[in-house]
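Per-chain residue numbering starts at 1, and chain names A, B, C, D and E are given in the order in which the chains are listed.
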Amino acid sequence: MLRLITFRLAHAVPILLIIAVLAFLLMQLLPGDPAVLMAGEGATPQAIQEIRQRLNLDQPLVRQLGTWLLHLAQGDLGSSLQLNQTVVSAVAERLPVSLSLAAISLLITVPAGIMLGVVAAYARDSWLDAVAMAVALIGVSVPTFWIAILSVILFSVTLGWLPSAGYVPLSEGFVPWLLALIQPAIVLALFQIGFLARMTRSAMLDVLDQDFIRTARAKGVVESVVLWKHAFRNTLIAVLTVVGYIFSLLIGGSVIVEQVFALPGVGRLVVQAVLTRDYPLVQGTLLLFGFIFVLINIATDILYLIVDPRVRYD
Amino acid sequence: PAQSQGKNAETIIYGNTAGPGTLDPFVGSSTVDLEVMHHIFEGLVGMDANYAAKPMLASKIDVAPDGKTFTFQLRKGVKFHNGKEMTAADVQASFERYRKLSPNASVLADVTEYSTPDPYTFIIKLSKTNAVFLDVLKSPVYPFVVLPAEQKDKPAREVDIIGTGPYKLAEWRKDSHLTLEKFDDYAVDTTGKPADGLVGKKEALVRNVRYRFMPEANSRIAALQTGEADIIANVPRDLVARIEGRPDLEVRRLLACQQYFIVNTQQPGTDTPEMRQAIRTAIGVDDIMAAISRPTKRSHAMTIPGGEYYNGDLNNQYYDQKNPKLAGELARKAGYKPGQKIQLMTTATYPEFRDAILVLSEQLKEAGIDSEVHVIDWATNAANMQSGGGNWNISSTQFCSNPNLGPQQWKFMVYNFPHVKNDGTLDAAYDKFYTSQDLADRKTAWNQIEKQVLDQAYMIKIADTGLIQALNKKRLPSFDDYYINRFWNVPLK
Amino acid sequence: MNPIVELAEVSKTFALGRGSRRPQLLHAVSDVSFSIAAEETLGLVGESGSGKSTIGRMLVGVYPATSGRISLFGRDITGSGGKANLAAVRRRLQFVFQDPHAALNPRMQVGDAIAEPLDIAGGLDRRTRLARIGDLLDMVGLPRSSAERYPHEFSGGQRQRIVIARALALKPDFIVCDEAVSALDVSMQAQVVNLLMDLQREFGLSYLFIAHDLAVVRSVSTRVAVMYAGSLVEIASRKALYENPLHPYTRALLDAVPRVKGAAKPRQMLQGEPPSLIDPPAGCRFASRCPLAEPRCRVETPKFRPVGGDHHVACHLVA
Amino acid sequence: MTDAALDFATDPPTWRHRAWKMAIRLFRHRSFRIGFGITLLLVVVATFGPLLVKTDPTAMQMRFRFRPPSERFLMGTDGFGRDVFSRFIYGAQLSLWIGLWVAVLSGIAGTFFGVLSGYVRAIDSLVMRVMDALLAFPPILLAIGVNAALGPQVHSVIIALSVSYIPRTARIVRASALVVRELDYVQAAKISGASGLRIVWRHILPNSIGPLLVQLTFVFAYAILAEAALSFLGIGPPPPTPSWGNIIAEGRDYAVEAWWIMLFPGIGISLAALGMNLLGDGLRDVLDPRLKIEG
Amino acid sequence: MSESNILEISGLTVEFRSGGRWITAIRDVDLTLAPRQCLGIVGESGSGKSVTALSILRLHPAKSTRIASGRILYQGRDLLAVAPGELARIRGSEIAMIFQDPMSSLNPVLTIGEQIGETLRIHQGLNRADALAKAVGLLDMVRIPDARRRVAEYPHRLSGGMRQRVMIAMAIACRPKILIADEPTTALDVTVQAQILNLLRDLREELGMSVILISHDMGVISEFTDKIAVMYAGQVVEQAVGDGLFDAPMHPYTSGLLRAIPNIDRDVDRLATIPGSIPDAARMVPGCRFHPRCPEALESCRSEAPAMIDLGGLRQTRCPPRAERQGMIGGRS
């Protein structure tokens, strides 16, 4: 297994390189000039030109790319154009926020989604199934934004139970941290629960009419155990895939929720970096995302091996 | 948590859309930058409530009769946040750094020499007469503030945030919040002037000011309602009702900006004055004002009432013509062929720009002029407006400091955004403006400039616009509006 | 005689356990050599878990051999170039899986499943294809209407017939039948066995016929091989094997066959534990259960050697 | 049904015959019928609605800003006094179109890569890492990039969103493929010399279809919403052209005061997602022979 | 029901939904099982043996199956009517079942130890460790070598015969009152088969367990069972106690079956078969279901569906001509 991890990680290296180059090229494709934005309203063309020079933006592309890659190889991701921060510190500052949010949200999504999915599959075509399905659909089609606002109005403004916005680091206490994140986490979860539920349901339906379920029943296993132990265990590959997928979604882009709840997460960071053409920051964040996603997915792959003994890789 | 971020006798909490991009004063230009910087940094001169230049760190200013030499006496005992005393050397180093890296450095192009005969005297010599040099120095945008001399070689955006202002920077978490802390050794201006605009007797009455960055209007309002913020900025006009119902909250409307359509004179379709005028004729500002979710006021002028250069109804005829029929005829005369599309460029980053453009597109349609709207991100929009590239005919933007600060502040905009070329009338008027020491002459010059810009429809005025702020009256009973929010002399209950 | 299948000292080990634990090796097949000639049926019997299916699977390339050489139709499918060689002979090979349920795609109609080898080979128009499916269903005694139904609608025996029909579709030259008829009732079994033999006569097919039913093996096989704990213990023509079994295990097997209307002679049950395949004992693997075992049987591995004609056996005690 | 079975004995089932039988099975499926009904309704609205609704969806009447739903404005008006009903009807087409294409494109490509890496072990790790790499690019960035390359048009949005959903779909398909490829029937096909393509097409895909269908119905709904986010950044169809996504996006500041702006397109998206989900359920069941379709 | 029977199936008719229609898989099946008795069921594949067996524990897929009529009395209670909770209690502990497809009947993601141990944990309240220890013992009992080590294996890594033995171990774990064994030894070599059958025999004696044994192997049936039912096309066509069936089959189908048994003591070049094939359940033939393949069919066989005829001496047949020829007609059942 150790070999598998090393092997997969080794594969990640060239991929990260590809991300690096792609990110770089993509940024070049974009119209808009970071120098103009940095210079601000009313700046003269000379001023802009100067900034361009200082940032080496006036040099040929290949040269810029080369320099950047060279620095990258030395572990230097460079500095943000806008933030007066190194890319690493900018990201390091926000990652805990995104990770916290993703983790709490996942902790809500996973049990709820799985529960709904399993119940819906079991009670297939009944009213329970219909309700679970409705919840699933509401989650995806009601704009997150709307839920977020309504939730703030209800829980923060009207009831005064939860803070309306802002992040409190874990270092300032577990409860404040949790209270600050619980609302956005639920809003995010609502969006994902449906997906997980539907996926679980579908996978469960595939498993439920297989022979070994009959065997379990023949042994006198009660329905709930048949459902959870015998059937659900067999859907874990599908469920894990979806969970991994949701996790990467949560880390990478919960821009709207971060925005509504004024959370300084990486989602907003990267969008703003794109919008302000903060090249080094975008490139750096993408690399980081790439790395995290590779990690998540390697972890999922390894979990596959654990949850389904039939799976094998060479 | 609600408490940890919320009500606090020592901390004023201010919610605005975003945090500063940079706190390096020499490159800071956006409102969110400035409203923090002016608490931390101070310059030799600053604006008063009427936008006039007044001494700040200078105790006395002498202007030589030829308008070329400026001598500043510095206040004594002014301390930087690092405890060091400010001297002329710091001032000179700051000017030198400014010249090296500020986008606005060109205004120092005529400087021939700085000198510091003694630690409290600073002299600037210019090669040419500049009648409005002090007005240049008062600019709140890219402010000419004083940094410790050691910061001289720091690249743009990388200075240590050390000023002489009443507050110092305590904590700054990008995209989250920024906290200012009272500077205990602040040298209050004791020359006897009361607080006025950015100058005068400034005192920090609360320990901390926390700026919270909350991009969503709904969230800011919620924060104010829950007491997690004491004051918030940028309330969309159509959401004001949510606040107005509450006895403890108060809504403030501030009209300090102006919004325009910028017409690209170099782009086919709008490269003739006739066509630009046709477009202007089609525009009715009431619908636009209704559409943009900001407080607005009808006004044709490029300056604000009360300012030195305000000229009453002089150029009113170019405003709000609202005559689609005539506009259609003019367009045809100007050679416009139906089906030909005027390219409207705007951004969603600033909804008021986009909304104005959307209404414009409808009004042009009424006049028989077809158009196409391109919504792009602000980065591209701004870059295209600067460069003239990107195939746009009309875009919209808003100016805040320019109308307030006078014609010198307008110059770059009126030339550069519409990409004006070879306009002798405009050139001559500006020349006169800079060289005449006589205010009356300068006013005449400005009237000409304004007339030319509006007549040629380089820019088409939409309205004076502004912001809506809201605050908790109970907590901030005596908060004073200004076009930059200030938290000195503000007590917290 | 030109053998179409040849195994030379083929072994197969599986790694047990996963993860970082040091894997234990399970010796499923050890040093097995035999060959099958054209138009021949080699019956393969033996203890359950002794590696019969594993051999079958290695023969069609589902498992690679751990060591040794396998050639099919004169081409070596192990070692370098094995893949290409295997691909070259694919069409001439078929396999009937032991578990008919797992061997059928639950989402494929039976007709399509049967026609799969035909479709892969290609070149049939719809009508001919359909006719072939019908013929194949007839052959294995299923109604033609089965073609439109799905595997789960069939009983175990019916499914097995579907699998057999699929294997026969292309008239291959060599079929591995892994317990192909054990799920069938006797009359159906007889039909299928007869069919296999008819095909053999008609088209010169060869079979590796893995089964537990020694009676069936006797009726289909030309020669019979007996396996115990991963090794071949005896191989002989059917007559020789059934009438003159030499290896004690073979004898025990034949003794244990249940008979209609009571056993002819008193059943002698094998005692003791079968050996572990994880650390196989030294010497003869059957020694622990052999009624005749001598001390040297537990030390010295008996050679697999000819004892007259094509009768081979691995036992010290056989002269 | 029996008749069909009888036909079969004499006449080979043609492609069309099978499709017909499939359709019959589908229409026996209750969820499928409901889903089909909903989808059909939306498609009809999207196609013929604009011919029937006379109000110009872009016409602004500032006098009537933010009017709640009434007889005159069935779904109220927005901040420009535009008729939300008319915008809703005109917007249906664009939204459904984008949702559909993104689902189809990302479905095809995602399935391709998923199966490729799930089935061809040698390149599994490689393909998956490339997918991880794609995953790293936020849709916004992709969209701006594609937009810059192809110009602002619906295609750019479709491509950008499709690309960003490919890796997600791929992972889901791969997960099923990893299990299915080890089963005996796949081995049986291999022994028969089936090509990789055939194994994938006939064995792996049909047995991985459940999660794939769920994924695609969700991609469909996500794409409609994502289009809004993008069009608000100015990527894609410019705003006077209505789409459900940008109606919602434009109404977002007034979520409370002018709830109707968001509500109706929200319902539209829900309905579309519901329709698609039901269709997907039906398809899934019909493709699974073990489930009997009740009449 | 007679006091002496632990299980009585009467008039059982089961239908499946296929292609939109209900198709009868078994019709009017009557079977009885006495304590300690072993009932063998033989018959053409597809004749409904497994369907009958599955019905006892109500293990058919609920959606596509219906039990159109019949009763299954177990210790006086109708199993078709007991509450689900009660049924779960009976399943595995009092009535256990060995399934025909050992691969697909084992859960691929649980170790065999876990699967065997589960039964013990449910019905005997053992903890995990004890259950596992007992599972090892059971694996030993069914002759799986290295039981201690292999108890942690997953099903797909076992040979066919081993899987089958795991199924057996699972079924006998709780020492049930009735064991339903659907082809329990087809994948086993004869020596292991003999051991397993001995094991079952011991259990019968020790616990008074009754067994329903479905098998194609006439040798096994003959050696192991005390009563044999022959099924054809969804019906029981003949029943007999003891070896009588082999001596004098009372149904032509049984005769055909016996003829088809391969002989281990002789080399034969061709096995005897019954010509034709089982009728399609969807289009069942009228009259006697076997008549199209019957060498002795009379005109009446084509039209009249024969009822079960009691021949006395615990023999029954569905073949009136044979019954008549033997002059053994008793009362109709």
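We adopt the following convention: a residue touches a chain if its C-beta (ideal position, glycine included) is under 8 Å from a C-beta of that chain, and two chains touch if they have at least 3 such contacts.
The model shown is predicted, which means the values in this text are computed figures rather than measured ones.
K.L.:
Name, by label, each chain that touches both members of the pair subunit A and subunit B.
P.N.:
D
K.L.:
Name the chain whose C-alpha centroid is farthest from the C-alpha centroid of subunit E.
P.N.:
B
K.L.:
Applying the contact rule given earlier, which two chains have the most C-beta pairs between them?
P.N.:
Looking at every pair of chains, the most contacts join C-E.
K.L.:
I'd like to verify one number: the distance from the centre of subunit C to the centre of subunit D, where each centre is the average of its C-alpha atoms, in whole angstrom.
P.N.:
49
K.L.:
Counting only Cα atoms for the centres, state how far subunit B is from subunit C in Å.
P.N.:
Computed from C-alpha means, the inter-chain centre distance equals 88 Å.
K.L.:
From the mean C-alpha coordinate of subunit C to that of subunit E, what's the distance rounded to whole Å?
P.N.:
Between these chains, centre-to-centre, one finds 27 Å.
K.L.:
Where in subunit A do residues touch two or more of the other chains?
P.N.:
Each of 30-31, 149, 153, 209, 211, 275, 308-310 in subunit A touches at least two other chains.
K.L.:
Two or more other chains in contact with one residue: find those residues in subunit E.
P.N.:
18-19, 61, 101, 103-104, 156-157, 282
K.L.:
Two-or-more-chain contact residues of subunit D, please, as numbers and ranges.
P.N.:
5, 144, 182, 184, 233, 255-256, 288, 290-291
K.L.:
Mind pulling up the subunit A residues that touch subunit B in the complex?
P.N.:
Listed in rising order, the residues of subunit A that touch subunit B are 30-34, 36-48, 50-51, 54, 82-85, 90, 93-94, 149, 152-153, 156-157, 160, 162-168, 172, 175-176, 179-180, 259-265, 268-269, 272, 275-277.
K.L.:
Quick check: in the complex, which residue numbers of subunit E touch subunit C?
P.N.:
Touch list, subunit E to subunit C: 16, 18-19, 42-47, 49-50, 100-104, 143-146, 149, 152-153, 157-162, 164-165, 183, 186-195, 197-198, 216-220, 222-224, 243, 246-247, 256-258, 260-265, 267-274, 277-280, 282.
K.L.:
Flag every residue of subunit D that touches subunit B in the complex, lowest number first.
P.N.:
Its residues touching subunit B are 58-60, 62, 65-66, 79-80, 144, 152, 231-235, 238-240, 253-258.
K.L.:
For the complex, which residues does subunit B have touching subunit D?
P.N.:
Listed in rising order, the residues of subunit B that touch subunit D are 217-218, 236, 238-239, 241-242, 286-287, 290-291, 293, 346-348, 351, 354-355, 358-359, 361-362, 372-377, 380.
K.L.:
Where on subunit D does subunit A make contact in their complex?
P.N.:
The touching residues are 30-31, 121-122, 124-126, 128-130, 132-133, 135-142, 144-145, 148-149, 168, 171-172, 174-176, 178-179, 182, 210-211, 213-215, 217-218, 221-222, 225, 228-229, 233, 248, 252, 255-256, 262, 266, 269-270, 272-274, 277, 284, 288, 290-291.
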